[in-house]
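Structure provided below as structure tokens; questions to follow.
Going by the order they are written in, the chains are A, B and C; count residues from 1 in each one.
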Amino acid sequence: MTTITRRVATAALAGIGLGLGFATGAYAADYPAKRVTIIVPYSAGGATDVLARQVAQGLSEAWGQTVTVENRPGAGATLGTAQAARARPDGYTLFMGQVSSHGIAPAVYANLQYDAKADFVPIVWITQIPNVMVVPKDFEAASVQEFIDVAKGENLSFGSSGTGSSIHLSGEMFKSRTGLDMTHVPYRGSGEAVPALISGDIDVMFDNLPSAMAQIKAGTIRPLAVTSAEREPSLPDVPTLAELGIPELEGFEAVAWFGLLAPAGTDPAIVEAINAATNEVISGEAFQTYAAANGSAVVGGTPEEFATFIDGELTKWADVVEKAGVRVE
Amino acid sequence: MTDTVHTPPDTPALPAAVARRSMRDVAFGLLTAAAAALFAAFVIPAFISVPGNVKAAPLSPAFLPYVLTGLIGLLGLVCAAQAMFGRGVPKEDGEGFDPARHWPLSALLLAAVFAAFWWLPERVGMLPVAVGTMAAMLLAGGERNVLRLVLVAVAVPVLIWLFFTKVAMVPLPEGPLEALVAS
Amino acid sequence: MMDAISAGLGLFFTLQNFLAIGAGVMIGVTIGSIPGLTATMAVALALPFTFSLPPVTGILLLVGIYKGGIFGGSISAILIRAPGTPAAACTTLDGYPMARRGEAGKALEMALYASCIADVISNLALIFLAGMIASIALQFGAPEYFWLIAFSLTIVISISGSSLTKGLISGLVGVLLSTVGLDLVYGTQRLTFDNFNLMGGIGYIPLLIGLFAIPEVIEFYLQRTGHLEANKSDRTRVSWPEFRRSLPTIVRGSLIGVALGSVPGIGATAASFLSYGEARRASKHPETFGRGEIQGVAAAESGNNGVAGATLIPLLALGIPGDVVTAVILGAFMLQGLTPGPLMFQDNIDLIYALFAGMIVASVVLFVVGRFAIRHFARIADIPRHILIPMVLLFCVFGSYAVQNQMFDVVVMLAFGVLGFVMARVGMASAPLLIGFILGPLFEDNLRRSYLIANDAAVFIRSPICWFFIAATVLSLYVGLRKEMQSARLARQLAEKGQLAEKGSTV
């Protein structure tokens, strides 16, 4: 009943809006009054897409309004991000941000079509995934220290899912901190890189945990360390890089993360409403099960916490990119 | 062999090719070679930046483009030479083209339709553009029954549009109609 | 072993599973038959629905969509020359000419037979040879891939149409077009002309739809004969001699599909073209290919469906996804708490057997659904062309937009449509351009990766697999070029004779 009257009202408002040249105003009180869209800057089926669909489904149920996922892939996530930045800030277009769009890309690409800070308001941090340092099973090092000893004076290669990915830059971060000479070998996606690691064509990789998990379990590749601040519950015996006591790796942290953002200018009350609803969804059982199966840790929290985190990420990756000299003009 | 039985009677098993000099192909070959040369001389240096730290030649982003344009240029010359000396087998498909009487008009219409799909959908919405172009093309295609023209020009785009937006959930540009359909 | 099999069958024989396969294949055929909406997209969109289903049911739903989608692509390829999925591009070469001369029903039927047979062969390879094939696939590093791609590129020779020189130019232009975008190694821009939309490269579905379907649209309006032609109502069926003649082609195509499908990353499009090229090379009448040769349809469709089952080999045996579709299916496994790979064969063998059973059933379901679909879709050929042609354009526009939800892709599609039309006018085949475009990045990536890994050209001859493909490449070049030159000479001689005869009669 209420939805019908709302629809009529929206349609009427839209009619007026057409004449006056502005669109329907969004008021936090009756948000959401129509379909909400989450822009995902990657193709359907990828990690970001699957996560977004999971969140969208939860929000749809919570709000009784359709929440759809819109895939706008291209140019390493920057294309979709730029489009989200230009979307109308009415709360009906949201953006699934991640370490690429709001961490690495602003540092790597000089001619970006968006400003990660000025064009967006953070809503909520959703999940994070550690990267894991993996080597082929016959590699002659059983620990990170041994790896560094073996690698000294040699030119080892490290694989990645592509130039500018979190996997690539974790490797660059490791390289610049330890001062090792390692060649970056980019693949198109982890799916291509992992077989090369298994067969020993590349010597090491800082893969996202979910894409390496199958092979770690099968024993074809060996984890030496995880890159998160704390140990990964599904790999309790694998140390973090930071805890090893190697001075160069002190405080080493590189994770892949995901969170919702809105175009800058969105009503703070609406941001609060979406934050509350999303926190509800991701603490629910369905989402927790999904995250556990996927190897990701659920975070949640306030918009302010997410904003602080993004600031830290932007600073950190800018530093890594500068030291590694991988900035693209 | 009985294998030839399945060849349709109206297409001969072998093209009725004529070995002769084809000035059109000479021109094509030379133009291709010239385009390749220009591309290698101006476009590649201007639009492919090569980082300073490239270790081996094949690692350079410009390596393959240079090789390709070189080969294209070479093949362009080969093509011109073949056509010059009547060595190539002139093909049949390109020359079987028989332009319609008012083809410049039709070409203009198609250009307009393409331009409409290029510029208009983000301004007035995909559906109105589809209806308009559909009607124009039906008219150009020889549809004279007004009722059928209107019916087809409206029904077909609307059905396709409904399928894409409602079933496949594709967010087509809706223009000013957006507020009406987004719910 | 027997216990596991019966447990697996027990797991499989539920009504739910049959429904999932049936629904999957039907969704796949429908989505696959619409240009721009690919099997990959359909599988990705269906993924969330599998969360709530039991593992076997969920995976079989996705597998059904995948297989149905690959076949569905051939429907629009044959009827309107717009490949519904990229893998069906090759099917247009002979399928569309067949439809134009009133044999749409026959072409569709042959596509279905070839698809189903290839599907069965591919499933058998998966069931019986998975372990062996997977261990070979793992030996493919960058240099091995490089030579495999080099070999695959030699098929350009057999799909160049009437002018080999122009066909080669077309193929090279395709490779050149594939270099547009961000550079793989350095991340720098290549040939993007500072256009932001080109940073991600040229979309290959818009390119493909434009190149194949749009020239027909342009031709219809510009050509005199276009207006007069009406398609004949179509009751044609594949005859037994035609089927028997095509069977070796289908088997060969299936095996090529299995071989390419089991090496991650190559894909169904390349397999169908390779199968087509081999069929043409083996044929006593290569000149009939490209003009509505039923074996061409058989070759193309067996090649791409042979891939469908085989891509599951690296997925199930190693846990490595070979393409985007299998990556999504891997996602479905992971979300069910299952990890494909050697461990799954130890821990969840009953589940594996249930999947095998389901895949065999899926082949049969594909046949039944396909027959039904053909009967209805074939009517499209009866739509008057002046109505059908604008509809084709609308589908092309909507479809290319749907790939990435970008208007820019529509522009790309139309631009390649014009290019395709011009190419046809100068007698340049467009299929080599597509092959160059698809294989180009693989060729270049692996060339550069080989250098990065080894920093030494000796890496290119490091293994027996390298040598094998070097030999295959050289042989294919030699045989292919010789054959093309022979047939060119033959055509010339015939033409000269014809000219003499003409002169004789006028004197």
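By our rule, a contact is a pair of C-beta atoms (placed from the backbone, for glycine too) under 8 Å apart; a residue touches a chain by one contact, two chains touch by 3 or more.
Everything quoted here is computed from the prediction, not taken from an experiment.
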{"item": "From chain B, the most remote chain by mean C-alpha position", "value": "A"}
{"item": "Chain with minimal offset from the mean of all protein Cα atoms", "value": "C"}
{"item": "Contact-richer chain pair [B-C vs A-C]", "value": "B-C"}
{"item": "Computed distance of Cα centres, chain B from chain A, in Å", "value": "38"}
{"item": "Distance from the mean Cα position of chain C to that of chain B, given in whole angstrom", "value": "20"}
{"item": "Chain A-chain C separation of Cα centroids, rounded to whole Å", "value": "33"}
{"item": "Numbers and ranges of chain C residues touching at least 2 other chains", "value": "45, 183, 185-186, 188-189, 405, 452, 455"}
{"item": "Contacts with two or more other chains, residues of chain B listed in rising order", "value": "49, 169, 171"}
{"item": "Residues within chain A bordering two or more other chains", "value": "70, 329"}
{"item": "Footprint of chain B on chain C - complex, ascending", "value": "31, 34, 37, 45, 101, 161-163, 165-166, 168-169, 172-173, 175-176, 179, 183, 185-186, 188-193, 217-227, 241-242, 245, 284-285, 287-288, 291-294, 385-387, 389-391, 393-395, 397-398, 401-402, 405, 407, 410-411, 414, 417-418, 424-427, 444, 447-448, 451-452, 455, 488, 490-492, 494-496, 498-499"}
{"item": "Residue ranges of chain A touching chain C (in the complex, touch as defined)", "value": "43-47, 49-50, 53-54, 57, 70-76, 78-79, 82, 108-109, 111, 113, 155, 157, 162-164, 183-189, 191-192, 194-196, 198-199, 201-202, 210, 213-215, 217-218, 220, 290, 293-294, 326, 328-329"}
{"item": "Chain A residues within the chain B interface of the complex", "value": "7, 10-11, 13-14, 17-18, 23-24, 34-35, 37, 68, 70, 92, 329"}
{"item": "Of chain B, residues touching chain C in the complex", "value": "1-4, 6-8, 10-11, 13-19, 24-25, 28, 32, 43-44, 47-51, 55-56, 58-59, 61, 64-65, 68-69, 71-72, 75-76, 78-79, 82, 88-95, 97-101, 103, 106-107, 109-110, 113-114, 117-118, 121-122, 126, 130, 133-134, 137-138, 140-143, 152, 156-157, 160-161, 163-164, 168-173"}
{"item": "Of chain B, residues touching chain A in the complex", "value": "49, 169, 171, 176, 178-180, 182-183"}
